[in-house]
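Heads up, there are several structures right after this.
What follows is subunit A paired twice: with subunit B in the first complex and subunit C in the second.
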Partner chain A sequence: MAADPSPAPTSLSFPRSTFAKLTPGPFLHAHLKQNPPIRPSGRTLTQFREQQITTGSLTHSHGSAVVRLGDTTVVCSVQGEILKAADIPSPPDESADNEDLLETLGLLVPNIELSTGCSPAHLPGNPPSTLAQSLSWKVRTLLYGSEIVNPEDLQIMFTAPKIDEEDDAPVPEVKAYWTLYLDIMFISLDGNPFDAAWLAVMAALRTTRLPRASWDADREAVVCSPALEHYAHLTLHTTPVTATFAVFSTANPLKQRSEAESWVLTDPDTSEEEVCREALTVTVDGKRVLGIDKAGGRVIGMEAVEECVKLTFARWKEVSTILP
Partner chain B sequence: MPLDTSTYSLARLRLDGRRAHELRRLSAQLHTQAAADGSAYFEQGNTKVICTVAGPSESKRRGGANSSEQNQDATVEVEVNFAGFSGTDRRKRARGDKRTAELAHTISSAFTSTLLLHLYPHSTITLTLHILSQSGSLLATCLNASTLALIDAGIPMLAPLAAVTVATTAAYADNEEEADVLLDVNEQEEVELPFLTIAGTGEGEGVRVLVLESRVQMGRLEGMIAVGLEGVRRVRGVLDGIVREHGERVLEGKVG
Partner chain C sequence: MQADRRRLNAPAGGTAPPVFASANTSPPRRRRKADEHRKIFLQTGIVPSAAGSAYYELPPDPATPPLTRKSSLKITCTVHGPRPLPRNAAFSPNLLLTTHVKYAPFATKTRRGYVRDSSERDLGLHLETALRGVVIGERWPKSAADVVITVLEGEDDGPAGAHSGDMGSGWGMLSVLAGCITVASAAIVDAGIDCVDLVSGGVAALVHDQSSEITTVLDPAPAEHVTRAACLVAYLQSRDEITEMWMKGDAGGDLGGLIESAVQSATLARTVLVEAVKDSTEARVAAMSPPELPSTDAASKGRPKDVVTTG
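Then we have the complex of A and B:
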């Protein structure tokens, strides 16, 4: 029997799944109107989906993670490659700001692959969609902006040996950099791609182990030690955690604004994303807010944003203990 | 040289500790993507492949002139996608890479003769393969993954296709007569030894797919094919087990 938000002209009764397909908006509204409000998947308004993180499954990568957030599955692989300082066309200034060094040299390269058949909207064989490109950009901005990796951790230094006693102490110079390529591939998508992608990036970076690299002056090349004991974890300086919220609203240009009801749904899945016109993503680390991203919509106000930020801090506590 | 180490000549153990006729660990999951008509994730050792099936769906081409007498059967289109992290070097393959096109064509023709395509006239069945990790036996793994995905999609076929690779140690054996046939070749062995990929239904002696790209002595070939067919039978047994287990779980209502 269908729950009817408005009296139907004919007495038809649909099974649940048909109702969900025919009128997804009223279907979600019928669930949210209950007291307490509940979502079709059975979650509460502020409940995240169950997540599963598996690391180290890819053999050829320096770090990898497979993350499942409900039915959204994402694989992230981190591969390090050497960039010789001599190959950089316009080397940065000695006094260049550390913050910009990473970005100028492009040492962190994320790429999101959505056209894998992960959902009917993302069929394989197509060039990257707007969503894929904007997700790649968001991940990139967060990687550089959160200063999770310092350029010093990626530098390969070399100190020339002292030849004469009278010479000054040799200055260590940067001979090469590690460039980290982060390939994020969606295996299945059921809403909230950004949170899943970022969780995979964090898990992969935390378990990335790079070999010990040194500059060989005779060969003029970087040599890596193959010994497993010499592989070292990356030093991560922050632990950004993201949370995405969608807003479902019954606001209608034909109705009074005061009559509209709205609910903020945490970690939306595809069926909820399709009927929500407004979304908000908050990124926090510890006690700092690293970013808030909201594009469009007119329902969320000050209190709702603050509430979402509080929820994200709570999420941070939960996730930072789960991350490997 | 994978077999130069003393472990092989003395103890007959390969680099990864297997004997000549041992398969690597095969594991799979069906219906990994709810959005696709059929999907499967297949692992053969460290070679990992995801296959999704879309179809049968309406063909894009509208054969107005040639629809009546000409071939009306469905077509099988295959697309192979190498993930950047699949090989030791991070390399994005160009779209029109010939090697990839050849792989896709081999898989497509293998299934064109196996699937009952006359049941779906004027439609297209699209197979998309995502290679997550390459560690030898790529074509065989792709064929096995595609079989499972097609079974998950419910597309009828004459018999499931199982594939395996075999190599011969003839060039490196002390005594030519003692050359061994190795089953299920991994990366390092593929580079050094002549190997072939063979696929069949696992019943009888029929060979559905045979790809040999290296030089082998005539006398070795029969032995390799014989061991290959035995390997195909065992892989077919493994695939059957995987499908049955998935079926049991579906019946118990644990899978959607």
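Then we have the complex of A and C:
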């Protein structure tokens, strides 16, 4: 009976949000020190945020998706426009194989826009930040590198009619190409922009339907069929899925390395990203690893990378069931 | 045109939007009454990292067949601030309000660029005048606030097929601006910036109907009408004030009647605005009311545990 059961208010006590703002590093550390470690958002170390995918909500796009990953919201639109083969300044060789045709011509044009007021760190009125440029480039690299889009889907062929009986059978030739513009607008940004953007790109591409286009020899132009039943889906070769991990470490130049503790956080949000100095992005597709991108730090070793790859494979299974 | 080196650009040959063989579809017709507003969806608090935010949508009529689908307005707005002015800025006794309106590249039938063009800057200026009369700037000296609007989907410019270069800068601009005013008002309230009243935008138009007589309609969808004149107002109902008016076209003799109809349209939009603001305030009060008890609520609700932070 000696001790007072009610917790006496301490002399200096702040609500959680104040601690999180004042000392983000120690705040995160205090959470991770618990056993088992729980992140400030209530997630476990390996837990991804809830995702939600909505498709086909934009009128003027051939394919579109809205992806929510926790508090990060992204809109991706796919719009097809026509590039006439005659307009290409330096046409590719006839003999060249189709493989890098898309990249040579630049038929996929992804752009990420962060200056939409999605977070106070990215106010509009400035040219795209380094982050936005590097994200656009990463999406572009992954789109071309993993050969998702079938080049034949983007070619508009034309076979000249036979005029003379003696002529050889006419050879179909490519008169024009579809160019796909992928515009990725962040509505709200709370960490992990690349995973959200990529998920939106995949969802939008999988729902993209292009109208049937044919070459009109008299008008020297491409004409599309407005009938809804002539719209066709793209045939996508693969469905890569990315997962990002951040590493929080108490390593400090003033301390012994052996004293440092570290935690690998799956799918970090902004508050976690800000205090983590090491990140790892893994891209997988089914059974293949398409890429591992590790930025900074010296905490993650071979085992941790393998662990992350395993988690990404599990993530791929989960995501491929919800993708449209 | 010089390529934008900070973005990924279109192929060097230049691309053109697909041209369709003509389809014999009938243009969309107005199914609403002349004094009926389209349904508005308005929600605040969609961007947690911003001080205030709101989303505005005029959902498409589910009865229209998919081929004649027209634009359905979708606008997001975030408010950042009020925040202190940087040290080197000149002293300002009032809140410095900046507005920024940008269409997404996929917002209109013709693709738009990533850099703001003059029509978007003009919309931003109109929006600023509409809001300036509402915000009590004297309460926030030496501070600034940004209102950022992204139009994810704009309004058509006129009857389908009439325009080839549909950039959303014709009649559709008025509906877009009305939406911008209403959504910005909700976001400003969500950000907790003091206002004298809620401002809402409304549009009315003089249109030629089927028998080519001229009628006045509220909240015109330009795709459904042949428009002769249109008028937008930003209206403060409880003070009966207009902070912004914009009229286009030949309204003839009945200017007052057209403005009166636009005010009526703004009044209709205000009912939705009031609901949205009320919902967000109630949610905020509910979140505040159970004071944070460090030990009890965490265990019972499975919320993240509070931890003792030292140092």
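Everything below uses one rule, namely that the second predicted complex is superposed on the first by the 312 of 324 C-alpha atoms of A that agree within 3 Å, B and C clash if a C-alpha of one lies under 4 Å from a C-alpha of the other, contacts with A are read in each partner's own complex, and residues count from 1 in each chain.
Convention: contacts are C-beta pairs under 8 Å (C-beta built on N, C-alpha and C of every residue); 3 or more make two chains touch, one makes a residue touch a chain.
Just so you know, these numbers come straight off a predicted model, no measurement behind them.
Student: Subunit A superposed: clash or fit between subunit B and subunit C?
Tutor: Once subunit A is superposed (C-alpha atoms), there is a clash between subunit B and subunit C.
Student: Tell me the contact category for A:V223 with respect to subunit B and subunit C: first, second, both or neither.
Tutor: So A:V223 only meets subunit C here.
Student: According to the stated criteria, A:E81 is in contact with first (subunit B), second (subunit C), both, or neither; which is it?
Tutor: both
Student: Which partner does A:P89 contact after superposing on A: first (subunit B), second (subunit C), both, neither?
Tutor: second
Student: Once the shared chain is lined up, is A:Y181 touching subunit B (first), subunit C (second), both, or neither of them?
Tutor: both
Student: Once the shared chain is lined up, is A:H60 touching subunit B (first), subunit C (second), both, or neither of them?
Tutor: Once the two structures are laid over each other on A, A:H60 reaches both partners.
Student: For A:D71, decide between first (touching subunit B), second (touching subunit C), both and neither.
Tutor: The answer is both, since A:D71 touches subunit B and subunit C.
Student: Which chain makes contact with more of the residues of subunit A, subunit B or else subunit C?
Tutor: C
Student: Give one of first, second, both or neither to describe whether A:G125 is in contact with subunit B, with subunit C, with both, or with none.
Tutor: A:G125 sits against subunit B and subunit C alike.
Student: Please work out whether A:K294 is in contact with subunit B alone, subunit C alone, both, or neither, and reply first, second, both or neither.
Tutor: Neither: A:K294 stays clear of subunit B and subunit C.
Student: Considering each complex separately, which residues of subunit A are in contact with subunit B in the first and with subunit C in the second?
Tutor: Touching subunit B and subunit C on subunit A: residues 58-61, 64, 71, 73, 75, 77, 79, 81, 111, 113, 116-120, 123-125, 181, 183, 185, 187-190.
Student: Give the list of subunit A residues in touch with subunit C in this complex.
Tutor: 7, 13, 15-16, 19, 23, 26-27, 30-31, 33-34, 38-42, 58-61, 64, 71, 73, 75, 77, 79-84, 87-89, 105-107, 109-111, 113, 115-120, 123-125, 127-128, 133, 136-137, 140, 179, 181, 183, 185, 187-190, 211, 213, 221-228, 270
Student: Would you tell me which residues of subunit B are touching subunit A in their complex?
Tutor: Result: residues 32-36, 39, 46, 50, 52, 54, 79, 81, 83-88, 90, 128, 130, 132-135 of subunit B touch subunit A.
Student: Would you mind writing out the residues of subunit A in touch with subunit B in their complex?
Tutor: Subunit A residues touching subunit B: 58-61, 64, 71, 73, 75, 77, 79, 81, 111, 113, 116-120, 123-125, 181, 183, 185, 187-190.
Student: What does subunit C use to touch subunit A in their complex?
Tutor: So the residues of subunit C in touch with subunit A come to 6-23, 25, 46-50, 53, 60, 66-67, 69-72, 76-78, 80, 100, 102, 104-109, 111, 114, 146, 148-150, 152-153, 292, 294-295, 302-309, 311.
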